[in-house]
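There are two complexes below, and they share chain A, which is joined by chain B in the first and by chain C in the second.
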Partner chain A sequence: MSSYDTVDQIVAARKAYNETLAQAADRTRVTWLPVLLLVILALFPLMQFVGNYNYPIHLVLYTLMYVTMASGWNILGGFTGYISLGHSVFFAVGGYFAGMILARYGVSTIIMAPVAGLVAGLLGYMIGLITLRVRGPSFIISSLALVMICRILFEKWQFVGGAAGLSLPINDLPVQWAKLPYYYAFLVMAAFGVWVAYRVKHSKFGLGLRAISKDEIKAESAGIDTRFYKVLAFAISAFMFGMAGAVWGEYLTYVRPNIFVHILYFSVWPALMCILGGKGTIAGPVVGAVLIVAFNEFFVATLGASAINILATGLIMALTLMFFPLGLIGTLARYRKLPRALNWD
Partner chain B sequence: MLEVKGLSKHFGGIRAVDNCSFSAEKGRITALIGPNGAGKTTAFNCISRTMTPTAGEVWLDGERIDHLRPHRITAKGLSRTFQISRNLADMTVLENVICQSKISGWRDLFKPAMSPSEIDKAMAILDFLGITRIAHEDGSNLSYGQKKLMDLAALLMSDPKIILLDEPAGGVNPTLLEEIVGHIRALNDKGMTVLIVEHNMELIMRLSHRVVVMAQGTVIADGTPEEVQKNPAVLEAYLGGALEDAA
Partner chain C sequence: MADILQILILGLALGGVYALMGAGLSLVFGVMRIVNLAHPSLIMMGAYVAFWGFRLYGIDPIVMLPVAMVILAATGVLLYKLVFEREAKSAKYSEMTVLLTFAFAMVFEGALATAFTNTQRVTTPDYAVDAIFIGNVFIPLGQLYAGIVSLVLIGALALYLKYSRFGYAIRATTQNREAAELLGVNVNFVGLVSFAIGLALAGAAGALVSFVFSFFPSKHWEWIAILMSLVVLGGMGSILGTVVAAYILSVVAAFVGFFFGATLSTLTFFVALFVVLLVRPQGLFGEKPELA
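Our next item is the complex of A and B:
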């Protein structure tokens, strides 16, 4: 039909067609919902004027922290396809770094959070250079090993308080407003986390990461520096965990190894949220975080704070993934049943 | 253009490629043939560095490339396809192709995944190969032959100086085979250097300017298709063996 020489003609003919395609993609994506959510959450603490909503504020704050972490985990676990169960290490590193600065120099962790994120990210970069040489089950085991090493390290390191941990000063705001600085910090971080995931997904970097998750040898021979891409993805996701850990430490008023290197809450949960909501989607980690925190809260309230509530949450997860193998958002998108409001890609 | 000197790849005691030397001249189609297990694909893998060679040198345009990592070799202008088409599932054909466009420096990383100019270029390549209608199809939904064409398209996206094709016509129907031959020839007419591994003898003899024959990991003959066809060593090691297999 046409040959390689007539590129100019083809280019002209395709241009119009491609513009309609780009418009179609823009039409299906929704930005009003995330923006609306952000506004509602920013105004939510005003409820304190009409009553005591400390506990709902705590729950929202807790969910926002998980949104930050799950969105960060998504960059490595969702886009790149490397399942890490060791990210609590970066949560702890961020928490300890900012906690030590707060305890010694009185600088708020909210200000130090980006720095704590960078420290965690740098550590992630270095660890990634070693552990990202293997993939699949070997990588998962290496991430678990990291948690073991880190936990022992923090328990034995007297400079940061050993097994007893660090006590951090309590802020002197009235109890009604005491949570708000942390609330807004987590709100900003969660929004930042979602925004970063979106930007990564739509960049050359994101395209490269997706290629790596499908076929690393092909990606490398396509001219993608797979090692650098993977390690950078690891560092970005570690950055998110480091930031979250920093603020969580001051919010709790202490930093302790058995809380911060907690594998279930800070390694497994973000991963589960991401998988439940849909790996590799933008809205997935957000939906997953909301659902898991909500389910857990519901089962703690109805079944009591025993192991049974964890079992119930797990059962819900298992059932959901039986019917939505790609996660809620991922499966719905695959079958073109995703409500437009939840298409944030 | 491409020069391979004393290339060896040993797997334990097995010498898959053993002190193998050949070259591919600029603007020509060079074929690498040989019976099953001759080490053709292994040689390919060593050239593109998908495997680390045990010994030997690979030179591209007067530059030694055997110590570079695969993505650097692609950036130098040597691109390859795989024997079993490796395509990226859950990504459209267009994304598969644009994935292979050149990236220079880390600033490029955060540019939009598919710029309009890249889309235009990719669509022009797909049009050249006659597969624009599958541009937005998922990579895993393609037929075997379409995957082969998509591989070829992705290859061209990186503006290579030399392309290495590992059995581009393997397992495709005769009509598509003719089409692929046409594409390779058209590319070559525009000055593309091609190194090709293929089992289809008739195709090789028709298409290539020069044939390198491998057996047991070493080069046993090197010349024009006519010369190689008359070479007794080739008839003995390759064609004779093939006839016995067929019988």
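Our next item is the complex of A and C:
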């Protein structure tokens, strides 16, 4: 028989046990690595004093943007298990919103990014209320339909420039510093994205999301407001995409439907990064983003053509899904081979 | 009035082609529960087979149709053996296969675009630009032929499913996989054959599409949403439903295109897909909300 007398004692004992587990996890967590990475990346642009590092800076900036988006996608696709291939819609909405403000009122997109994120998040909340009623393949297909609809709407909407899109002013910094505002903006966003994913994972909300991904009906009957939880997860991930889209528009100096509602680069890539790195892990999207951007650079440098790029992306995705459905981090963790430095959970 | 009749005819003429494009998708979903997002890129492959047959050797696309069917069926057998057979054990099978087929769609698109560039192509047999006039309405001959061939193929498939012994097994597997297996149907082999048939239909559709629409590898994204709308509206897995939905949506799209402009005519399919998924996920002829 149990040595506990009352329910309270059992609860207290379980709490104490969970506490020791959490403390053990905290002791082994390599917190200094992300911090060190952040410091190195923050100091990296100083290299501009000793030479021309515009291109490496662009690459890091690009990767950081994808870290932001992949971490956001992870909250919906990784934790909740709802695979969306339509998040480029929110990227475009963020880009257009901040782009219009910049073109009309001259307010920098970097300042407007959180607002653009909120707009995208709000739209995500509303769309989520509708589309999250269906599950599995239906949800994936509805997200694809969303992209198609959105693209035609943006092309038809003359107020935001139609198919030609918006032209945005170029900043007047000297060329070697011109990228830096965006670089730091994306650095902050990427750090924020990873931090949010971490906080969500370690909250009651994140626990609810993971329960939904395991078995939604059981989660519902366990008293989780599954509808609210998953719609909120959708909104948070849309928020990340909206922020990234806002700054990316000013960085590119234009916002155009065929680039911003691009299904491959802004819907599939973040999803692929998450899957490749490991869905539902914190470090996964970061690792995935670095790998995919590196692969892409490699293919562009060696093969040149953009069609090869699509082929390569598809192949990597197919092979990952077939042989490592848990992703890099997930597979390593399953076999207990995950280096402590990469365990950010 | 003549306008209305004309639009109706144009819509109906395209409906048959859409129906054939969607039929293979529906069959594969019915038997294997795979939402094959790579289907449109395989149709594209069939279109290229017909295109090169016409361009290099001057062979009529309708004559190339069986060739495209055989090539695509072989691709189907290969894909099934290499990929989907082993995925059958996966716990998140339906989601997994959607992502996998999406990945393969990109692989095929990339391969086609690498080999043949993203130039717009179309085969131009004489009848593709011809039309017959009845009073003051006209019927484009290419679309008429394509529609007839489509209906013949779909009819043949329906008869095969209805009256052959193997078709009986396919229908049994569609209705209840476990029960069919218990009664001695080799569901794995049924899956293989229906996957091959589905892809052969994609090849046939490709050969017909090659002179009905102009095409280029990345156009399959648009087709994905169009075909999904047909299959979802018709009820996933119901071939009859797909055909009916193809005619309905094609006619509606023709009217929308006439009254609101050509770009909005494709929007019809996307909006229909979105709305049907959310309002009636089982579609017109689906029996239960399998996917919801």
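By our rule, the second predicted complex is superposed on the first by the 313 of 345 C-alpha atoms of A that agree within 3 Å, B and C clash if a C-alpha of one lies under 4 Å from a C-alpha of the other, contacts with A are read in each partner's own complex, and residues count from 1 in each chain.
Everything that follows uses one rule, which is that a residue touches a chain if its C-beta (ideal position, glycine included) is under 8 Å from a C-beta of that chain, and two chains touch if they have at least 3 such contacts.
All values reported here derive from a predicted model rather than from experimental measurement.
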| item | value |
| --- | --- |
| Touching partner for A:Ile152 - first (chain B), second (chain C), both, neither | second |
| First, second, both or neither for A:Arg135, with chain B first and chain C second | second |
| First, second, both or neither for A:Thr226, with chain B first and chain C second | first |
| Which of chain B and chain C A:Val268 touches, first, second, both or neither | second |
| Contacts of A:Gly206 with chain B and chain C, given as first, second, both or neither | first |
| Touching partner for A:Ala294 - first (chain B), second (chain C), both, neither | neither |
| Which superposed partner A:Met47 touches (first chain B, second chain C, both, neither) | neither |
| Complex interface listing, chain A residues touching chain C | 81, 83, 85, 130-131, 133-138, 140-142, 144-146, 148-149, 152, 155-156, 263-264, 268, 275, 305, 307-315, 317-318, 321-322, 325 |
| Chain A-facing residues of chain B, complex | 48, 50, 69-71, 74-75, 79-80, 82, 86-91, 95, 98-100, 102-103, 106, 108-114, 116, 119-121, 123-124, 127-128, 130, 136, 154, 158, 186-187, 190 |
| List of chain A residues in touch with chain B within their complex | 1-4, 7, 10-11, 14-15, 18, 21-22, 199, 202-208, 210-211, 214-215, 217-228, 232 |
| Contacting residues of chain C [partner chain A, same complex] | 35, 37, 83, 86-87, 90, 92, 94-96, 98-100, 102-111, 113-114, 117-118, 217-218, 221-222, 224-225, 228-229, 232, 263-264, 266-267, 270-271, 273-274, 277-278, 281, 291-292 |
